[in-house]
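Both complexes shown next keep chain A, but they swap its partner, so chain B is in the first and chain C is in the second.
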Partner chain A sequence: MANITRSPWLLHYDGSSCNGCDIEVLACLTPVYDAERLGVMNTGDPMQADIFLITGGINEQNRPTVKQLYDQMPSPKVVVAVGVCACTGGIFKECYNILGGADTTIPVDIYVPGCAARPEAIIDGIVKAVALFQKRSDDYKAKVKEKKKAGK
Partner chain B sequence: MGNRSVIPFGPQHPVLPEPIHIDLVVEDEKVVEAVPSIGFIHRGLESLAGKRDFNQLVYVAERTCGICSFQHGMGYCEAVEHIFGVEVPKRAKYLRTIWAELARMHSHLLWLGLLADGFGYENLFYQCWRIRERILDLHELTAGGRLIFSVNKVGGVLKDIPEDKLKEILRTLDEVDDELRVIRSVFFEDRSVISRLKGVGVLTKEQVNELGAVGPFARASGVRVDMRTLGYAAYPELSFAPIVSNDGDSYARCFIRMMELFQSIKLIREAIGKIPAEKELEVPIKGNPDGEYFMRVEQPRGEAFYYVKGSGKPFLERMRIRTPTFANIPALCEMLKNADLADVGLLVLTIDPCISCTER
Partner chain C sequence: MNNGVIYAILYILLAPLIGGLLEGIDRKISARMQRRVGPPLLQPFYDVIKLFNKETISVDSAQTFLLLTYFVLMVVTGVMFFSGSDILMCFFVLSTAATFLYFAGVITSSPYSSIGAQRELIQMMAYEPAVLLTCVGFYLAAGSFNVREIAGTDISYILFLPGFFIAFVFILTIKMRKSPFDTSTPHHMHQELVKGITTEMGSKNLALFQITEWYENVFLMGVICLFIVNSSWISLIVSVIVFLIVYFVEILIDNTNARMKWADMLTITWIVTFFSAGVNLVVLMVIR
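And now, the complex of A and B:
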């Protein structure tokens, strides 16, 4: 964790979850679990977010919203699917209105299991996402450097 | 007369994690009309009635909503038990009451925290959620899960709370009681809280009756409606009277939920004092449900009803759920008329919206 140069900001969107995972995501940010001590902040603005936490499966109506939120986030970005519904569709998989997990619409990097996902698991997912974010950020910087060199 | 414009509120917005979309027609800074559109988290949960048998459906019912999950499971189980015509053992009824009231406490604390966050009192938000974790620890201690604990089954409950854990509940509740009194004085006396809540979003008793609002939201406007008075679970044996206020503003809604926290503590203490020492926790269920039943339960957000229809097969013919937030949305839209644009987020919060219940 020591080489992280900036704190990751989260964007949290409720796909079609039952609320269980959503309030656990919020519980992560409150005093007992306190993910803010890792520099994690919850933001409502996709343009400022680095990590996208999505809970619940995808249905026809929220599909464009999820896609739009993902597109609005600047690269590099990491997507974390929180809870079994976001991973596969979960208990609602056979419902007529559920297309499946979050990966039916956007590329998902990290899957956090659980119904409802426990705060410890969510924080673990965030920490893994931070590492991945760091890697992508470094790759991106190296690419820019290379391009600059070639330009000269 | 200013220019009319439409401001979209949601589906992704900072007030609450759930997606709700409201088109706000504003004239300068005043909202003149609010048009809600829902369906962002519609799953089609009721259709699972044809794919899961009536015992498995308990777990589906519990996942209607993660916040009031226990009451959903209880409502469904009681409905099916009524079709079978069985009487649940007394201890199971008391256990259901204890869990239901613990769930109510966690839900109300969650709401009070979100409300504090809504008017920008971050510290109070954190304090409410800190206390809420104590209640969640009790959930975990007694049932094993933090939010969705699946202890209900058709015919009774799956787990017992032994004597030592009941004592632990009482001990924790004593501490929570003291901590809540501190929070209560902030909510009731702090000048900034009062200036944000007093007189904001007033609904009269007539309006609430006409629009069919339920739960603490209706009780804040003087409507004496509480399904716990119908007498399911162990409520008829406990001394219970609904808390009602006549002001009808946001402050009264906050007042009702705060006082209900203390009421829940009182009910749990009484239930633990009266709980019979039985071994039986469930009655055996034979055959399949044949018939139909309406069950009404009081959730943290108000009245939820369960309609269950079986036709002698393991799979139910129909399960229908009407949840409290759905009943409160017309009243919310009425309340948003003539509100300041800056108050919209707060007013949406005061009905304690649970969108995943509403859209199922």
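And now, the complex of A and C:
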């Protein structure tokens, strides 16, 4: 199986976050933390992304957007919820417009807690996501092979 | 005659490796310039391998065909150049290849991709005069468009063509998709058009685009070397050194400039082309 753990490309989406987590996500790419040394790139294009980084809770307004972004990503893919809002809804949980964490709309694989989540925690989450990404990729390859065999 | 065939085969086999390595070096040096550690040297290869291992989602199935045509025409350009045929013809095939990239961009009808594709056309408009003038310059200096005859003489033509060299290095910034002229698609990170012309290219299509870029870069570096190369073997070493310097200068420009608007790009490129290549052309015509 091909080793694809060296090149995780991120799609970063800001749900209804207060921007605290978003600044920390971008801080991961600055010289201090330099996530690019792990091959991480912040693409902003769902068609090219492998890991979906979502911050902030889900509300009625951004729900279709999040769902669409997730659907546009080619498998294998991994979803990381960054910050307590994306995990559970956080302090906005009781608000009339908030549905809850990212897992109310799409299947979340890794939860990174914190308010705001620390860059170290985010990088740790990404590293965990990368391991899962490799596993998904292997499963996906096996599935494709099986399909080909069945087709023949 | 056999020499040309060997060079062409070497180009087909080695260009993606050299192109990928150059991009790896580019990313490493860029990172060091920003005081980062940067990705490993082989990162571009890791990226492409990963892209080949992903599910293919394409908005329009014709896109793969168009990108394949872009790829094949780019390889043909390089093969023609390194086998020593007509340099003018090489650049015509290169322009045709770029047109197919434009079609691959607009066929998805995504606004980001379409605007990126239109900017690609504007970029072609900006660099095409300098490219054609370079061919004319080689003809005036060497008396031939033939790459083998240009490279086979006793003198390096950069002595006759310094203005053309400057113009060509200037438009190289556009061709290599470096800031400040990376309007159609950025070399790294995202921009106001998400990913510009490559927005709707995922997995295998993007990998194909990436590999084509490597072929293109190696071809362009070959043209840079053509300014230096003559019949002696020392000139080969000098030309490699010159192209490494040019590559470093491009990285430096990339890291010290912000993206420009397309109108500014067009004006500046044409002014530089006119004053360096144009003046050189007049001087050359007076001397000869």
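One rule holds for everything that comes next: the second predicted complex is superposed on the first by the 142 of 152 C-alpha atoms of A that agree within 3 Å, B and C clash if a C-alpha of one lies under 4 Å from a C-alpha of the other, contacts with A are read in each partner's own complex, and residues count from 1 in each chain.
Note that a residue touches a chain if its C-beta (ideal position, glycine included) is under 8 Å from a C-beta of that chain, and two chains touch if they have at least 3 such contacts.
All values derive from a computational prediction rather than experimental measurement.
By the document's definition of touching, of the two partners only chain C reaches A:Gln48; chain B does not. Contacts of A:Ser75 after superposition: chain C is touched, whereas chain B is not reached.
Look at A:Thr65: by the touch rule set out above, it reaches chain B but stays clear of chain C. Of the two partner chains placed around the shared chain by superposition, chain B is the only one that A:Ser17 touches, whereas chain C remains out of contact. Contact with both chain B and chain C is seen for A:Pro31 once the two complexes are overlaid on the shared chain. More residues of chain A are in touch with B than with the other of chain B and chain C. Of the two partner chains placed by superposition, A:Lys148 touches none, neither chain B nor chain C.
In the superposition on chain A, contact of A:Phe92 is made with chain B only, not with chain C. With the contact threshold set out at the top, residues 31, 44 of chain A are in contact with chain B in one structure and with chain C in the other. Against chain A, in their complex, chain B makes its touches with residues 11-14, 17-19, 39-45, 47-48, 51, 59-60, 63-67, 69, 110, 113, 125-126, 129-130, 133, 136, 145-148, 354, 356-357. Here chain A touches chain C in the complex through residues 2-4, 6-7, 9, 31, 34, 36-39, 41-45, 47-48, 50, 72, 74-76, 137, 140-141, going by the rule given at the top. Chain contact summary for the complex, chain A toward chain B: residues 12-27, 30-32, 44, 46, 56-57, 59, 61-62, 65, 69, 91-92, 94-98, 115-116, 118.
Residues of chain C touching chain A in their complex: 27, 31, 34-40, 43, 46-47, 49-50, 52-57, 188-190, 194-195, 198-203, 206.
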